[in-house]
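Shown below is the structure under consideration.
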Amino acid sequence: MPGHTGNVRVQEAPFDPGAEINGFLARNPNSGGIASFIGQMRDFRGTDRSGGEKVSAMTLEHYPGMAEKQFEALIADARQRWALDDALLIHRHGKLHPSEAIVLVATASAHRADALSACEFLIDWLKTQAPFWKKEVSSGGAAWVAAQSTDEARAKRW
Amino acid sequence: MPGHTGNVRVQEAPFDPGAEINGFLARNPNSGGIASFIGQMRDFRGTDRSGGEKVSAMTLEHYPGMAEKQFEALIADARQRWALDDALLIHRHGKLHPSEAIVLVATASAHRADALSACEFLIDWLKTQAPFWKKEVSSGGAAWVAAQSTDEARAKRW
Amino acid sequence: MTLLYFAWVREKIGISEESLTPPANVRTVDDLMTWLASRSAGHADAFADRKLVKAAVDQVHVQARADVQGAKEVAFFPPVTGG
Amino acid sequence: MTLLYFAWVREKIGISEESLTPPANVRTVDDLMTWLASRSAGHADAFADRKLVKAAVDQVHVQARADVQGAKEVAFFPPVTGG
């Protein structure tokens, strides 16, 4: 049965979002709709937005074991709610550099509404449930990123 | 200003969805969130779903000129509604084969909610507004695909 | 005025494009469909059930009551099925 | 029982992991935080504002009232910020 192997990856090495999406398409040739979300580390070096220090790097601490388990649980939940053919979750940990992808969520379904909703559900819940913590390194030092109450509110909608 | 060139492509040649998404990421290094939707021609050859004839090929007729104009108008509308850094719409026409990508929608924003909503809005409206018509070729002959009332309903939500 | 036909509208009429000058009493898209339906058996067939036929005037989707006077390009087609 | 600490909870306590056997009167996550806070200045600092500290028992998110008796692994950390 498709979609039950290689659905979750937590890795230190960078990944190629386009190659991952192409691989996901190739393993789901019967799915009419594939939705995806990519979170990337913003490149603040050249264009210092709205004040604040320029972030030169980021460290993502995570809880090995629980991270993968949580991702599997989120995918199982999404499969209960929508008609999914497949889902994929890749998340980096360790040191990240600007413009590198942090997370990729991809979902496949015969129905685009299911693929789109499940993709949004997964990234919303991942933001509040997946045990990862960002520390930003800037010229002003290193600081843990604070959780956003808007993330909690978005996840609770589902 | 990013996002105002190469946002719309209507083409007969196949395209590589992963390469397009990587190109979109590269031209938006400051966008934290990139959402995308890929519609692909389902491969019915090996797995004949829910009765009906196996579809071996598809022809997509389109209205040149209006198609591009309509896509530009949809992107302009999305930009009014959400904080988008960039948007991309690629749509095939002519003859398609199973497992080829038909359409790609990609959106970039600092806020994932904006990227996700705009992506869904664009594919929903594209389904009811973009002047394309699918003709499926199967062992039973060729037939125009009927429009779905659910598409109309989904687009009206926005 | 350039008339464009797509998908099964085109197939029923038998041509994809024609250049015509409608009479002065053709004011709306609906008037234009009535007039075109009188021109051939194929046209009559294409416009037999007008609820199934959509129109664009100068590349913008319009309703049947929309004005066509002064239009350069009017297109008729079934509901779209792209994406 | 294995205790795991992440992010600034880990930094304040000064270690990422320790193996301890809490006394029998430690029944809930909240009890465990009270007991741990008494063990060192770092622990006290980490658990000074418990609303900011989340917990997982055997790798499942839980509330402060959750049972920890019989747990193999309890983790404390700030609200998550991945994705």
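For reference, chains read A, B, C and D in written order, and residue numbers begin at 1 within each chain.
To be clear about the criterion, a contact is a pair of C-beta atoms (placed from the backbone, for glycine too) under 8 Å apart; a residue touches a chain by one contact, two chains touch by 3 or more.
Because the structure is a prediction, the values reported are computed rather than measured.
*Asks:* Which chains make contact with chain B and with chain D at once?
*Replies:* Where chain B and chain D share a partner, that partner set is A.
*Asks:* Could you split the other chains into touching-connected groups, assuming chain B is not there?
*Replies:* In the absence of chain B, as far as touching goes, the chains form A, D | C.
*Asks:* Counting only Cα atoms for the centres, state how far chain A is from chain B in Å.
*Replies:* Whole-Å distance between the two chain centres: 22.
*Asks:* Need the CA-centroid distance for the pair chain A / chain D, whole Å please.
*Replies:* Roughly 26 Å, centre to centre.
*Asks:* Measuring centre to centre with CA averages, how many angstrom lie between chain A and chain C?
*Replies:* Chain centres of chain A and chain C, defined by C-alpha means, are spaced 48 Å apart.
*Asks:* Hunt down the residues of chain A that sit against at least two other chains at once, touch-wise.
*Replies:* Within chain A, the residues that touch at least two other chains are 39, 123.
*Asks:* According to the definition of touch, which chains form touching pairs?
*Replies:* A-B, A-D, B-C
*Asks:* Could you list, by residue number, the parts of chain B that touch chain C in their complex?
*Replies:* Against chain C, the touching part of chain B is residues 39, 60-63, 65-66, 69-70, 91, 102-103, 123, 126-135, 144-147.
*Asks:* Help me check something: in the complex, which residues belonging to chain C touch chain B?
*Replies:* So the residues of chain C touching chain B come out as 4, 6-8, 10, 56, 59, 61, 75, 77-83.
*Asks:* Mind listing the chain A positions that touch chain B in their complex?
*Replies:* Residues of chain A touching chain B: 16-22, 25-26, 29-44, 47, 49, 98-99, 101, 110, 112-113, 115-116, 119-120, 123, 154.
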